[in-house]
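Look at the two complexes coming up: chain A is in both, with chain B in one and chain C in the other.
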Partner chain A sequence: MRTVPAETTRMKTAASKISSFVDRRQALVYPAPAVIGLFLIVVIPIGYNLYLAFTKWTIGLGDPRFIGIDNFIELFRDDRVLNGLKVMIYFSGLSLTLELVLGLLIALYFHREFKGSEIVQAIYIFPFAATPVAVALIWRIMLNPEIGVLNYLLTSIGLPGSLWISSAATVVPALVMVDVWKWTPMITLIVLAGLKSLPNDPYEAARIDGANTLQIFWYITLPLIRPVLIAALMLRSLDNLKEFDIIYTITQGGPGVASETLYLYSYKVAFGFFKAGYGSALMVVVFLIVLVFNVVMNRMRLSAQDI
Partner chain B sequence: MGMFFMANGSRITKLFRSTLFYIGAVALCLPPVFVFVWMILTGLKTGVQNISYPPQFIFSPTLENFRAVFAQYNFFKYLMNSLIVASLATGLSLLLGLPAAYSIAKYRQGRIGVLILVARMTPFVSYLLPWYIIFRYLNLIDTYTALTITHLIITLPMVIWLMISFFESVPAELEDAAMIDGCSSLQSFRIIVLPLVRNGIATSAIISFIFSWNQFLFSLILSGPKTKTVPVAVYNFISYGKIDWAGIGAAATLIVLPVSIFAFFVRKSIVQGLTMGALKD
Partner chain C sequence: MPKKMIFLLIGALLCVGMVSAAVAGSVDWKQFQGTEIRFLMNKHPFTTSIEPKVAEFEKMTGIKVNMEVFPEDQFRNKRMIELNAGGTVDGYMIMPGQAKLHYWKAGWLKPLDDYIADPALTEADWDVKDFFAGPMKGSSMDGKQIGIVINAEASLLSYRKDLFERFKVKVPDTMQELEEAAKFFTGKEVDGKKMVGITLRGKGAAATSQWVDFLYSFGGSWTNAEGKSNLASPESIAAFKFYGDLLRNYGPQGGTMLHWSESTSIFMEGKAAMIFDANVFKSLYENPKESKVAGKVGYTTIPAGPAGKVPHVSNWSLAISGTSTPERQKAAWLFIQWATNKANVLDALMAGVPAGRASAWNSPDYKSKDATPDWTAGSLKSFEIGQPQWNPPVLNVPEIRDITGLVIVDAIEGKDVAASAKKAAEEMNKKMEM
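Let's turn to the complex of A and B:
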């Protein structure tokens, strides 16, 4: 193919040797730095974390001591683990449901192009990119039950105010509100991309058959969009089940432990009490929850695709 | 009414529909705009105005908080720290991620995707603990190195996923032609392929920058007085007993403004960075 240039007859320099190696082994050489990098910064820490889960170790005091599955037995005796699980299910169940439903409705709204929809969309997705800690702090000011602007607005239109984050009964819904405000745009954008790629034929057929808007949505759009909805839910769950910034900034898990998710508790165990072994065991549990949830959802997604 | 409707059927429906759309537009814009405006207002009020009830909507604004944030809290240093870490993380992500994404797109190396998925699924605290221990041992707590390495955990997978789809759109014939003309693989990558995907590179750079800028958890533990980034700096406004709401308002505005402007330009692609190509199959 290539004509042999004169240089190759001379002693190959190191540089040209490397160059020709890269040419021959492109599929190996190009991804190598990133794969090695990810291995070092991702896989090794995960392995170390797993090892620590089977040890007892307070950071700064002596060395990790192998104790088998004692940490995992300890989980069942720890009230805050059960509490963390409950809070996690409450927070994630409520926020994911709301984000999915609202995200879908708003995506349907944007799917009909109208004058100015570009601008509305740009404003609507602002919370999505905004620095979580910064906006969560502003929410914390607004949610103050005594001087906060939200209660002022509610009472000035004749509605009762709420204790929001100051009461164990309302703290999780209040945090869900912030999470919905921040992350619904992500679901909307994913579903909107899905809606744009739907085939046109079923809609034409339905219109010829005289189906109304609601029927078209229920019998055509919803089944077609289901795989995308589940994919959006999976992606959102990756971050939502591990929500840290919003909860930590606004309540740090309080009042008491009323908004302390299992993930937040694992952080506190590791970096508040410096119990590396037990903290690691908790993190492994959080990882398994995320994994199982996503495996189940992926099954559902694949079967929804087959229909 | 019915006759009126029949006579002007399509026009009335159209008017009704567009009115509905504008009501929807207002409803959708209100929550983000309100929080954004309240953030700026909080920054423009005095400390006393911020804790007065009822909350003040009309007042004579002061820039004092913005001055204080720089003068007392040394905020310029934190902005620089964030800028340095986000730039390093983005630069390294591109350096490592571009060739990898190109190869994945060209040779269909799907297995690397599994590694990226694992990286995304693992709780950040699971990385943080080992990294904290390692960096403590190596005396690297409170250094740009520690922050950049941990931020790469987030930005590198993101850059790779974003770039795969951009590289897939590059026609293979162009490279073949370059090879026949005697270009080495690296030359054709640099001279032919990369310029074709420069929009994608700009997009992934911006998105990577935003996510590094916004990162809180890693910086909370691994940074210190020397390398504190802006999310940690603004969070510290509340951890000294009394809370400086006015300062938080001003600082939050300074932090959110640059990423909001960036996000505006990449809003179409930002989803793809997070969806990891899930929509394609």
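Let's turn to the complex of A and C:
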């Protein structure tokens, strides 16, 4: 009979120790890789950003110096912060409203059988699937009042051209137009999935009671779809409130500061002017706005589900 | 195909010639064989000209060169972030007038004087005295050379020679004549196109580098004798106002969003009678594949304002990273020395990159092939009379340019320039104290 070498026995005990540890603490061990990953790529950067917000630091010149809440006091003296908030509310309010309304209407239109519906839907999804910076660059050229194709088309059918992104008065609506073109399909997709999962019974009951299409939409579809709409709005607002690619690529915040959202301004301060401390403080404000907006939305979504 | 073969042969012979010429000098070009160096480059005509020849250098020295090229905005951000992280960058392109104060204070610039003086590292025929003195002085800090000039840039008034001749308009030599000529062409139908008089950069911070020539020519300045902002002085306000009015009244629509790419596009489309921008863009205007006005463009210096003609001269330089290792720094120096040698600078000039070396401009080869002598004359004149300080003399150049750019936008939109300039001056003073 052969004896088992002591080495192997020791390895076996070690292995069984590990496996029994895992068995006893499954709730800790299995999510650990994800938790560690999240900690490294989410918690640490946010924490560092928060720390920088209380410092004065020009990148490359010395180390961050703690200055307390001076950066946050400076926020109130800086009129580009107020401008950034205004532009942010104007841009996000207009684009989110339009995307939600159009997205819902188009989803309702697609939510029925018609010939070639799959092809139409596939084409319709295209803007959502395209790379933001690439399409923004194309829009930038199309929106040029002198050499852009939009004014060429308008004037060729006898309409007056617009200054589009080149005038402080029209720049935000022009950017909203691009954002709506790009992101409405996403809302449509989410709402369409929601519509497909709705129960059939309430509709049959309503039809038997003699309700018309508008009444069915208003009293049945809309209340049932509300949680989905709010979820879509939440998802979209996360990106939209800190919209960067489209605005930065097309206008960089111009003309002047007419399309400079708070988020874009914080980027300029941190990476254009190298003032990482003040830039971080601005970033914290944007973070809080997005956070509060989403907490409110989530409350609304939960209460909508209770109905 | 035989033609191609001949070119290849000539190329090969030139390579051999260069290698042997280098071997003949005092420098052992093989001394850093096996070293690998990394350069960050801006997408610039000079880079385009030198890039295909890097293999030649690698063969001659045994040094491996990794060149990474980015468009300007990304380039600036990447360069700063990499240098701040203390990474593996050994050399990079820099516009000293934009970034040298910041980079010098941060310790990212290696002084080059010791290398230049060392015959084991620098060939005598590289000839440091051949570079233009102004840009070389601009590429120095506290008396130390921190970069080697690869080009010199000045802005020129470029105009449609054919139209000025056809309508018998005088080429502007004063600001008043500039306005008259711009007015004359605005709205004129030429070959079925409605013209604008002039196109200029108007996009905030990006416009300041061209507007500054008007600032100086009107007698204004960034700062006064006490080092405080001078943006709200009557002369500076006059420059803002003239520039803004010119673009609003006689320029394309949407002037406040014109960067150089939009402005030059409009000129190359044949929609503008004049453009004021950097002389390097000649290579765009004169490219028949891209430009409808190739061969029809004349060039002259900035028209004289109340303070005369005061253009700015700027330049790009190649610099060595202060954070690299001594051996890689020396290898990087060999690369810079080679890239800025007489032959390579002349080649770049032939490709339209205004050279920072006198020998290139004076070379009989260049003179005999020069298709735009007025461009050559205008450029050289501007280098001679130009002001090397083209950015605000502050540590945080981008921030002050941004503040100044907002006044330019207000001027183009016809707002109250004096009030806007006063506000900008206050901001500027505040930021300079910080």
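In this text, the second predicted complex is superposed on the first by the 278 of 307 C-alpha atoms of A that agree within 3 Å, B and C clash if a C-alpha of one lies under 4 Å from a C-alpha of the other, contacts with A are read in each partner's own complex, and residues count from 1 in each chain.
One rule holds in what follows: a residue touches a chain if its C-beta (ideal position, glycine included) is under 8 Å from a C-beta of that chain, and two chains touch if they have at least 3 such contacts.
Values in this document were obtained by computation on a predicted structure and should not be read as measured data.
**Q** Quick one: classify A:41 as touching chain B (first), chain C (second), both or neither.
**A** A:41 contacts chain B only, not chain C.
**Q** Would you check which partner chain A:132 touches, where first means chain B only, second means chain C only, and both and neither mean what they say?
**A** A:132 sits against chain B, while chain C stays out of touch.
**Q** Determine, under the contact definition given at the top, whether A:272 touches first (chain B), second (chain C), both, or neither.
**A** After superposing on A, A:272 lies in contact with chain C but is clear of chain B.
**Q** Between chain B (first) and chain C (second), which, if any, makes contact with A:173: first, second, both or neither?
**A** In the superposition, A:173 contacts neither chain B nor chain C.
**Q** State whether A:59 touches chain B only (first), chain C only (second), both chains, or neither.
**A** After superposing on A, A:59 lies in contact with both chain B and chain C.
**Q** Quick one: classify A:152 as touching chain B (first), chain C (second), both or neither.
**A** In the superposition, A:152 touches chain B alone.
**Q** Which chain, chain B or chain C, is in touch with more residues of chain A?
**A** In the superposed model, B touches more residues of chain A.
**Q** Please indicate which partner A:245 is in contact with in the superposed arrangement: first for chain B, second for chain C, both, or neither.
**A** first
**Q** By the touch definition at the top of the document, which applies to A:202: first (chain B), second (chain C), both, or neither?
**A** neither
**Q** Can you list the residues of chain A that touch chain B in one structure and chain C in the other?
**A** 59, 146-147, 271
**Q** Considering the complex alone, what residue numbers of chain C touch chain A?
**A** 77, 80-81, 83-84, 102-103, 105-106, 108, 203-204, 252-257, 262, 265-266, 269, 271, 395-396, 398-399, 402, 405-406, 409-410, 413
**Q** Quick check on the complex: what are the chain A residues that touch chain C?
**A** 58-61, 144-147, 163-168, 251-252, 254-257, 268, 271-275
**Q** Touching residues of chain A toward chain B in the complex: what are they?
**A** Answer in residue numbers: 1-2, 19-20, 22-23, 26-27, 29-31, 33-35, 37-39, 41-46, 48-49, 52, 59, 106, 109, 112, 114-117, 120-135, 137-142, 146-149, 152, 156, 181, 186, 189-190, 193-194, 197, 228, 231, 234-235, 238, 242, 244-245, 248-249, 263, 266-267, 270-271, 276, 279-280, 283-284, 286-287, 290-291, 294.
**Q** Which part of chain B faces chain A closely enough to touch in the complex?
**A** Where chain B meets chain A, its residues are 18, 21, 24-25, 28-29, 31-33, 35-36, 38-39, 42, 50-55, 95-97, 99-100, 102-104, 106-107, 109, 112, 115-116, 118-134, 136, 149-150, 152-153, 156-157, 160, 180, 182, 184-186, 210, 213-214, 216-217, 221, 230-232, 234-235, 237-238, 245, 248-249, 251-252, 255-256, 259-260, 262-264, 267, 270-271, 274-276, 278-279.
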